[in-house]
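Okay, so chain A shows up in both of these, paired with chain B first and chain C after.
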Partner chain A sequence: MKIQLKFFGQLAEITGKEIVEVDGIEDTDSLVKRMLNEFPKLKSCKFQIAVDQKLLKQNQQLKSVSEVAFLPPFAGG
Partner chain B sequence: MLSKEEISRYSRHLLLPEIGTEGQEKLKKAKVLVIGAGGLGCPVLLYLTAVGVGEIGIVDFDTVDESNLQRQILFAVEDVGKPKANVAADKLFKQNPFVKFTIHNLQLNNQNALDIIKNFDIIIDGTDNFATRYLINDACVLLNKPLVYGAIYRFEGQVSVFNFGNKNGINPPNYRCVFPEPPAPEFSPNCSEIGVLGVLPGIIGTLQANEAIKLITGIGEPLSGKLLVINALTMHFTTIDVHYDKGSYKNIPACTEEFLKMDYAYFCGSPNQSDDIKSITAGELISLLDKKENLQILDVRELGELPEVTSLSDLQIPLSEIDAQVHKISKEKKVIVFCRGGTRSKQAITLLQKKSEFKNLYNLEGGVLKYLKEFQNK
Partner chain C sequence: MKENKKHDVFIHGPISPVFIADAINKHSKKTNIGAHDIFLGQVRNDVIDGKTVQTIDYSSYEEMAEKKFYEIREDAFNKFDLTCLHIYHSLGRVKIGEICLFVFVSSVHRKAAFDACRWIVEEIKMNVPVFGREIFTDETYVWKENTK
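Up next is the complex of A and B:
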């Protein structure tokens, strides 16, 4: 099943697009690994992951997941 | 009790059954602290004043700059150079003389934060840097105060309510539950460095004011346990569920004594605190230039950024491209690094010293703005 990845803030500037589609990735750990590989500049960013609009604190299987968001903190005010 | 004038002034609120006299009196009794009277702070302050919050505290150490006027809607041309907190309070009092304003013309730090925050019911974060955001969060957790969070980046914004409510005995999330650690300073630029859409803080700040009103009057569903993320270009609104995370508490000071010992600038890796950056004042640079010293002068501002300074136009590499163009920077000559105000240049130096072991870099204190002032006074 295809999963939609959504990148926010600086992260979207690094990936070059706000939405990326991926397929055949087992869990969030391998997803992050693959993204860091594909976009090495992401390594210097701090970001959180939300799976289907829920913030995640540990690895999660991506079976029957439709969306993963990559969220950086913003400082501006 | 509302006076006759107040009943007439707040009539549109009194007509709403959800607010009515009871809700309006709650607003009148409420004390709200707005930290930062900038892009976010201005709309927050304007609306909280208009709706009749009884007491509003304003914290800001800065003065109005011409470049603020594009989005900081409380200020006018005549205010440039004046302290933001005072200008804001003067204007807001004219909008609603029933509101009491307390002005804190200072930079919030771990020594003064608790004494200020403890006097208010709700705290609103409209600051522009991670160190102060973590500091405010921790102070709110310590003092058990609800925190209305708002933050912006270019065309995007985030809003949430932290440290509020207690669902079925489970603690509410705080800022650290969502973002446990700040990014390195060279990857956390602020609006003065990367730009921001003028109306964006208006959108996010207005949502923060809305959350504060909901918390005070007890109506609706506050954004507690939810992080709202908005993109002003695509108009996508995303709401992310966030939860209390026990692990977040390991970095929050457990008591006042610990809080007073915290170094938030260090926690956020702020280059302001690092001793290993050499600096040079504008006066010193001018005399070096007069002596025709063999210097390299590196401008790390974005291309086309103003003011243009021909006497300093030697080498220009925007901060974002430093890595790629590092070979152009001399390792022999004295290199003076500058930007608009002196922040980005420090970040550039930190980056260069860390990655490429430069030992000949000097930060121009106060940036090109200070330099031009000194140059004119010469």
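Up next is the complex of A and C:
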């Protein structure tokens, strides 16, 4: 199943795009591994993951998930 | 009566003092209110590696941020005895000295307003996906990160 990945702020600058589509990834751990492999500069960045707009606490299966976001540190307010 | 109406939180550009004054004025007919507390976040001229911040350019994961703002509203009404609550945050460029966050809390007595206002601001800073580029006078920039 296809999943849309969204990158924000400094992370989007590293990937060069805000939206990336991936297919056939089982869980968030493998997704992060794949992204760090594809964009090694992400290794030096702090980020959090949100799955369908909810912050991820632990590894999660990506079955029936439509959107995963890579979020740099928050700076609101 | 508690008022938990949803409105757009994000405002493009700075939040003007006139907008804030108007928001206060709108409450003059809600005569059960005895206390307002207001927090205003202002863009500061931080100096980083010898360069002075001139502007912050805010962006957001808007779909998630809107959900988060809604959760914060719901939780604030559950936790504190509030009469009404408004939150506005800037997106896009806000210059030093301009307002980027406006939290406006009203209650019957002061304690709920004081406590809720502080809690809401901390929640926004820590849990809402808003990102900021601190832009210097020479247009170079660094990405901002909130501290606890």
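By our rule, the second predicted complex is superposed on the first by the 73 of 77 C-alpha atoms of A that agree within 3 Å, B and C clash if a C-alpha of one lies under 4 Å from a C-alpha of the other, contacts with A are read in each partner's own complex, and residues count from 1 in each chain.
By definition in this document, a residue touches a chain if its C-beta (ideal position, glycine included) is under 8 Å from a C-beta of that chain, and two chains touch if they have at least 3 such contacts.
Just so you know, these numbers come straight off a predicted model, no measurement behind them.
Q: Does chain C touch more residues of chain A than chain B does, or is it the other way round?
A: Higher number of touched chain A residues: B.
Q: Now for A:Ser44: first (chain B), second (chain C), both, or neither, which partner does it touch?
A: first
Q: Could you tell me if A:Glu18 is touching chain B, chain C, both of them or neither one (first, second, both, neither)?
A: In the superposition, A:Glu18 contacts chain B only.
Q: First (chain B), second (chain C), both or neither: which does A:Ser64 touch?
A: In the superposed model, A:Ser64 contacts neither chain B nor chain C.
Q: Touch test for A:Phe74: chain B only (first), chain C only (second), both, or neither?
A: After superposition on chain A, A:Phe74 lies in contact with both partners, chain B and chain C.
Q: Shared contact residues on chain A, chain B side and chain C side combined as an intersection?
A: In the superposed arrangement, which is not itself an observed complex, chain A uses residues 6, 8-10, 46, 50, 53, 55, 69, 71-77 for both chain B and chain C.
Q: What part of chain C is in contact with chain A in the complex they form?
A: 41, 56, 58-61, 63-64, 67, 89, 100-101, 121, 124-133, 143-146
Q: Considering only the defined contacts, which chain A positions touch chain C in the complex?
A: Touching chain C: residues 6, 8-10, 46, 50, 53, 55, 69, 71-77 of chain A.
Q: Help me check something: in the complex, which residues belonging to chain A touch chain B?
A: Those in contact with chain B are residues 6, 8-10, 18, 44-46, 48, 50, 53-55, 57, 69, 71-77.
Q: Using the touch definition up top, name the residues of chain B that touch chain A in the complex.
A: 36, 38-41, 125-130, 133, 150-154, 156-158, 178-179, 181-184, 187-188, 190-191, 196, 201, 227, 229, 231, 234, 238-243, 245, 247
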